[in-house]
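Letters are used for the chains, namely A, B and C, taken in the order the chains are written, and counting of residues starts over at 1 for each.
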Amino acid sequence: MSTPPSERLRELGIELPPPPSPKGAYAPVARSGTLAWVSGQIVFENGAVVRPGTVDHDVPAPVASELVRRATLQALSALSAELGGLESIRRAVRLGVFVAVSEGFHREHEVANGGSELLLAVFGEAGRASRTTVGVAGLPLRAPVEVELLVETA
Amino acid sequence: MSTPPSERLRELGIELPPPPSPKGAYAPVARSGTLAWVSGQIVFENGAVVRPGTVDHDVPAPVASELVRRATLQALSALSAELGGLESIRRAVRLGVFVAVSEGFHREHEVANGGSELLLAVFGEAGRASRTTVGVAGLPLRAPVEVELLVETA
Amino acid sequence: MSTPPSERLRELGIELPPPPSPKGAYAPVARSGTLAWVSGQIVFENGAVVRPGTVDHDVPAPVASELVRRATLQALSALSAELGGLESIRRAVRLGVFVAVSEGFHREHEVANGGSELLLAVFGEAGRASRTTVGVAGLPLRAPVEVELLVETA
């Protein structure tokens, strides 16, 4: 990582959203040693889930991909709040992407790319995480996508 | 953790269930360094899945939440068998909750709280794990919920 | 592990498939310390998903179990490419199995055994990982099963 992630975000014109507030008795981020697990993120705006429904019946795949990008950005915001910035992140280790699918939709991997590409843009090659993407029957509050992230810190 | 978890369980009037037996060629718990991964837990009683079906068509959400609590307790029982007690657990790191959902049910996060609240009750703030909760199309043997747990040990 | 895994594979008459190519901007394997996370694997042959559909409507359970075995073998191939062989693998830590289920199918655990049994055959008791198995609404490109693997390395 030649360019620090916070500077990279500025160059990309991206502002971190406010850190997410858990919907229950859990932590936004839990750390053990040099690993930090971010809780599953769904995208909220003004207290409501953005674009509720399934992909692609209610939410077109490109919109869902953009929501995966935003959920991943929320995960970075949670990490920034926990770590006091993004500079101590050494690499993205695992991205988990859950897509609430309509019958017949099978391009979950394209939807997930919104998150993978954000990580690459912010962290360079250190953002190239492993990834698991699946289609699910439903998500909390009818969210169309949910993203979890594991990173390594200094 | 001022109070040891085993004492906390006694205070709460909770007895650990018998450790679960894997439904296949896998381990109840696998450790690496100071991390211990517990296999996905579904709740059994007298050799049968408790309250088979989906939430909330067959199983009301509050019942499902109680089953998440019991599945999390089973995970602690598996850890206790592996570690010779719960005292070496430093913190709960990640709770994964899968809810077999009926069409139109979108309160998976409320169902998951049964597990998160148990961890807080037993471990105090060290029980505040990260969490990922999703709705799934089905679970082994028609279980309504499945719970996996990652903890840090001494 | 008395017998090295590569020799065990030869004894079993198993050849590692070519390492998988990611379907997006992610890494086949991401490492942190002595842990290595393999991305979710679906089984391809000649550029197409093998036996697309759901279990057991389109794909009988025993066939799906064999596909879990092959997906797990692909995960080992990804690890072998990353680590320069399988000899530095100390143990399998966690196997995640996602089964795209038809309505009424609830034997995901039997389907998952194809992966667990392969790990035992290749690594002996060091292959006995923890496991989480769930049924999902869909998988990328209509794959019937997806497998993710976490291992500990030297």
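Keep this in mind: a contact is a pair of C-beta atoms (placed from the backbone, for glycine too) under 8 Å apart; a residue touches a chain by one contact, two chains touch by 3 or more.
In this text, all values refer to a predicted model and were calculated from it rather than measured experimentally.
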On C-alpha atoms only, rotate subunit A onto subunit B and read off the angle in steps of 5 degrees.
120
When subunit A touches subunit C, do the two copies use mostly the same residue numbers, with over half shared, or different ones?
different
Rounded Å distance, subunit A centre to subunit C centre (Cα mean)
25
Could you say which residues in subunit C touch two or more other chains, in rising order?
33, 100, 136-137
What part of subunit A is in contact with subunit B in the complex they form?
22-30, 32-33, 37-40, 96, 98, 100, 136-142, 146, 148
Subunit B residues within the subunit A interface of the complex:
33-35, 91-95, 100-101, 105-110, 112-113, 116-117, 119-120, 128-137, 150, 152
